[in-house]
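Next come two complexes built around subunit A: one with subunit B, the other with subunit C.
And now, the complex of A and B:
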């Protein structure tokens, strides 16, 4: 089965109609998850604009820690491919880099491009668990934690801390590297740690080259941030409740909004795997869930559940590519049957058409979002599904 | 449907037309006068009728435009009924359309980020759009040049990048400069070597100039020179112009290079004066060259550039004091917020130099109006800039409100020229359309795309050009009385260029080795725009020169 209403198997068209009715009756709808291909995320933003919804990606906290640090002070960054090609020093902060697979890539070869080409690559760890299979130099972090250690390191690099220090040697290595890269996961460092790291990296560039390399979140957050930026002028989280997009990471936090009783209906979009929040079963929710070939999804995840194709598997899609750190095209898996399940974007376009068609009698969306001059308010032909 | 735009003052510099008359439209195209009764008549009495405006250089999409919004949430803020040129793609489309612009080109699309850039361009409604693919700092190209792989190999790699990213043309940004920056450089000129490759910036530039000519790309190589914004940068522009050796070349945001060092012995400490006369004179002598201006506008903005060496050097001028340098896979990008102060001597002089450059122009079709949005300021300043070009008195009043240095170190105050409406149309329509090789726009001759702007003729040229009376896109009215009334989604213009299969195979292997992802990962297929298939294609092909 590919669609359910109240846990009962249903015809997909009926489920889409029920989803439209559920959202049409909402006064403060929420669209969350957004763990999906760009076309579906774009369609979700278009739908949110039309119905006055707020949007919150599953990538949530980690994404905001990085965006917050970025907006506070800026950054100097590089990409995974540049790190592999050029770095003569890699510093892994905390645990996450060791779990990412990138450390193994970086350990496999030395720099081949740029002025460090031919030099050995030093792998260093600050407060990490290490990896027995990868030779590296480990520096400990004391009970003050990782962000504090990065702050101390920044002080040492800038020559602001006198006397001996366990990290003094690390600061010298950073200054002496020709092309340093600091790997981190913003979820682990927090916004303050990321901001301190960005400051450290900028200080190092007064005399050499060193760049931060944030590990992307696993839920398409970095692609969502781009779609949000071009669709609203702002990063996520964002709300269209007043017709004009408003960026407010605190106010439009899905978890907080649900707990505070501020939303009355939701759409959960996850054509790729993402942890399902508990509220999809308690709040009137439409869930669009990616269903891998031969896999099953539960019909009890939400009041209305509609199975959708998995992007990059059932059909080609624009997706975040972690090794490239870019939105990239991903061809479908060999032997994919593209029409087996509709893409989430098609369901969302169908919902948009139903919710903005004059015949529906008008959904409960703010007048500003329904005015005739809205590009997204133009009825679009529902895609085949 | 037959439409007649009746009784307006029709301006088309490509035919010398400047007279009261009609413009006829059928099936989305301009046609000759008809004996048939029109199905629709648009009254243009007391109005000026021109082709839709064409933008050649405005940063409206791409990773760095996104980063600027994330760095400066306060700049891209949405307010009810106040579209923001730093805001969403929708606002950008609306603001251009309202001014009578119907085509806009994003000049900096890195091939590694082409898909995201194209996805973003497609979300700018109302306009036809295009992107220029950026080359000149990417390892693959530099390897070919270093290994003396030959002109054909460079040509094939350029063709492959154009085709894969679905670009309209090619841009080079401080050739080799980003590469040098990553190796520690903070200054880089035309004859400096990219250390790891033993190639000068001149060699890279020349290779790309040849490739663009060989491929018959309609738009000449779009060049962002070295030393942008520094006193003495005029030398960089002139050297680069001479290095072109007669090959077609376009200079982006020339105002930012029109800075003659006052003290040539100590160029970086003695300040600068206008080099606009020198550049205008060089342009007169080199019919192969064009430029866009990069006019400065007072106020807060964000500078966005793939010239990361320059952005890094400019970081300490950031206002507010936060900035990004992303040393990406080729150029990457840098965002440095900046406020052009109307009481600031430097900003005032930059402002004067841009106007001077246009007013000294030997040929307005070759000195195109841009603000290098958002680098010089937002594109929404065009109406005011046109006003100042057309009105000597308004210019003098404006100059009087700024620090004296603008008068002392530029020739602006002494220029009596006032642009005519025909010259305005050259600056903003026929010039940019010719430059991009878009024969079907920028004019009102039969066969042209029916992209038409109708302005109420009024002495306040700022008001006139800010809100068009009517704008037609492909024959359909999209703006009435300055407000958008219909939202066609426009098309993205891409060059019809074939990639060489052998180069595609070699590049696929190269990309696999470097990124763990092959050529397909870098592609921009129609399937990436699933809502836009069938009757509403995203892309439209533009032919190469014959």
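And now, the complex of A and C:
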């Protein structure tokens, strides 16, 4: 089964028509999740522009901890591949790096390229649980927490705090490294901590090389940030209510908008696994859910549920590649049946065509024919407050 | 006095930025009613949501306000705006002068980038009051922000100039401050995280960061001058400044030219 309306199995075409009807009359529609291949995310931005919707990726909160720090003060970052090739020191902040698998890769070899080539690689942990199988030096974080410890380390590195201190030795190691890498998860450091560690990295670059390496989120957030940048010039929490993209991380936070009762219809896009928020069952919602081969999705996830193909499994797709820290093409799984389920991008394009069709009820016009900045789907009721 | 009266709870967030006495002066009530305030594709106008009554004076009253009204008083240059009720985010954003008063509470980023004038919030203010919005150079930037109730976390986040007085504030008050002054009866944990310069004064505070260093007890003339200037705005804040103070210097993680004063009990 691949489509449901009100929990009842339905023809896919009927479900798409019902989805278009659900979104057509909405005052403030929301397109959330965006845990999908680049083509589908791009199609979601196109649809949002046409119907005046706002967008927020499932990865939103943690992504904005990093984007906020980036927008405020910039960042000097590297990629996992560069870190493996060049780093003679890796500092893991908190728990997340130890759960990422990257620490094992980094422990397996020393730097083979660049100025630190041939040196041993030191693995250091600040406030992390460590891993018994990986040789590393652990520095504790007291009850003040990780962001406070990062600030303290920055003060020590810059020489503004002197004297004996448990982290003084760590600051010396960072200064003496030829190519240091600070590995962190913005969800764990928070926006203030991320900005502080970017400052630490910049301070170190006064005398040596050091880079920040944020762990990607598992929900395509980094790819969504890029699609949003090339589609709107801004971060992914944008709204098209007034025609042009408005970037407002507070206003377009999906969780906040739904809790405040500001959303009257929603589309949840997750062709890859993402935790389903509770509101998809309470708000009039269309859910496009990736259905793995031989797997099942629940038809009760939302008022309208449409199964879509899993990118990189059912069909080839551009997805976030965590190792390369870039969008990369992923081929389908061997033996995939490409036509078994449509890609989410096709459903979204179908919705766009239906919602931008002339009001006379004539055939749908191709999306390319419309002006990019004009919301063409008109509200049904006249303006009233 | 001109008055805008909200007819009913608005069905979407409204943007009242730029609606101030000087901007309305040359317009008729019909023209003002046609000004766009909606944020959805419905294209709501002021007249759709408010009863408009203008008299050309430099005072504007907004009656029946709710937390869905964003950017109230944004860009105000002169005159007076009095709000009866609550407001949403970015109250008085980029304000340059005049006075803005809210009888209820304010959403986040009240007074962001405000360069002049006085903002009074009788109730509470949500997070980042006087704070910078995403990617902005500065939060409060020279204006005066008075919060009668409780301010949320990150009060005065990246503020660059001006004065904030609040009764209480959450965690990270004065985070990333560039300069300016914050006075509160009580502030939460880790005040001044990443502050470069600026002054925090609080009768009580939560846990201090390890990057703040005590620099002794002080009786500074500048604090007495500040107390005198605060007398008219907030007698409680002025009284707080007259006590003998213990001074902490920070945040040594960054430039470290900021300071936290707390009465030396």
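The definition used in the following text is that the second predicted complex is superposed on the first by the 358 of 385 C-alpha atoms of A that agree within 3 Å, B and C clash if a C-alpha of one lies under 4 Å from a C-alpha of the other, contacts with A are read in each partner's own complex, and residues count from 1 in each chain.
Everything below uses one rule, namely that a residue touches a chain if its C-beta (ideal position, glycine included) is under 8 Å from a C-beta of that chain, and two chains touch if they have at least 3 such contacts.
Keep in mind it's a predicted model, so treat the numbers as computed, not measured.
> Superpose on subunit A as described above, then tell me if subunit B and subunit C fit or clash.
fit
> Is A:235 in contact with subunit B, with subunit C, with both, or with neither (first, second, both, neither)?
both
> Under the stated touch criterion, which partner chain does A:27 make contact with: subunit B (first), subunit C (second), both, or neither?
second
> Look at A:243 in the shared chain and tell me whether it touches subunit B only, subunit C only, both, or neither; answer first, second, both or neither.
both
> Identify the partner contact of A:303: answer first if only subunit B is touched, second if only subunit C is, both if each is, neither if none is.
Neither subunit B nor subunit C is touched by A:303.
> Between the centres of subunit B and subunit C, viewed from subunit A's Cα centre, what angle do you get? Round it to the nearest 10 degrees, please.
Result: 90 degrees, to the nearest ten.
> According to the stated criteria, A:71 is in contact with first (subunit B), second (subunit C), both, or neither; which is it?
both
> For A:222, select first, second, both or neither according to whether it touches subunit B, subunit C, the two together, or no partner.
Once the two structures are laid over each other on A, A:222 reaches no partner at all.
> Please work out whether A:81 is in contact with subunit B alone, subunit C alone, both, or neither, and reply first, second, both or neither.
first
> Check the contacts made with subunit A and report whether subunit B or subunit C touches more of its residues.
After superposing on chain A, more of subunit A is contacted by B.
> Contact-wise, after the overlay, does A:121 reach subunit B, subunit C, both or neither (first, second, both, neither)?
After superposing on A, A:121 lies clear of both subunit B and subunit C.
> With both complexes placed on chain A, how many Å separate the closest C-alpha atoms of subunit B and subunit C?
The answer for the closest subunit B-subunit C C-alpha pair is 6 Å.
> What residues on subunit A does subunit C touch that subunit B touches too?
Common to the two interfaces on subunit A: residues 67, 71-72, 235, 242-243, 246-247, 375, 378, 383.
> Under the touch definition given earlier, write down the residues of subunit A that touch subunit B in their complex.
It comes out as residues 38-39, 42-43, 67, 70-79, 81-82, 85-86, 113-115, 117, 178-179, 205, 208-209, 211, 225-227, 229-235, 242-247, 315-318, 321, 323-324, 326-331, 343, 345-346, 349, 368, 373-375, 378, 380, 383.
> Can you list the subunit B residues touching subunit A in their complex?
So the residues of subunit B touching subunit A come out as 61, 63, 65-66, 69-73, 76-80, 84, 86-91, 112-113, 115-116, 119-120, 123, 125, 139, 179, 182-184, 195-196, 312, 318, 322-329, 332, 335, 483-485, 487, 489, 514-517, 520-525, 527-531.
> If we count contacts the way the header does, which residues on subunit C are in touch with subunit A in the complex?
Touching subunit A from subunit C are residues 7-8, 10-13, 38-45, 48-49, 68, 70, 89, 108-109, 132-135, 158, 172, 175-176, 190, 193-194, 207, 209-211, 213, 251-254, 256.
> Touching residues of subunit A toward subunit C in the complex: what are they?
It is residues 27-28, 51-52, 64, 67-68, 71-72, 142, 144, 147-152, 154-155, 160-161, 192, 195-196, 199, 235, 239-243, 246-251, 262, 375, 377-379, 383-385 of subunit A that touch subunit C.
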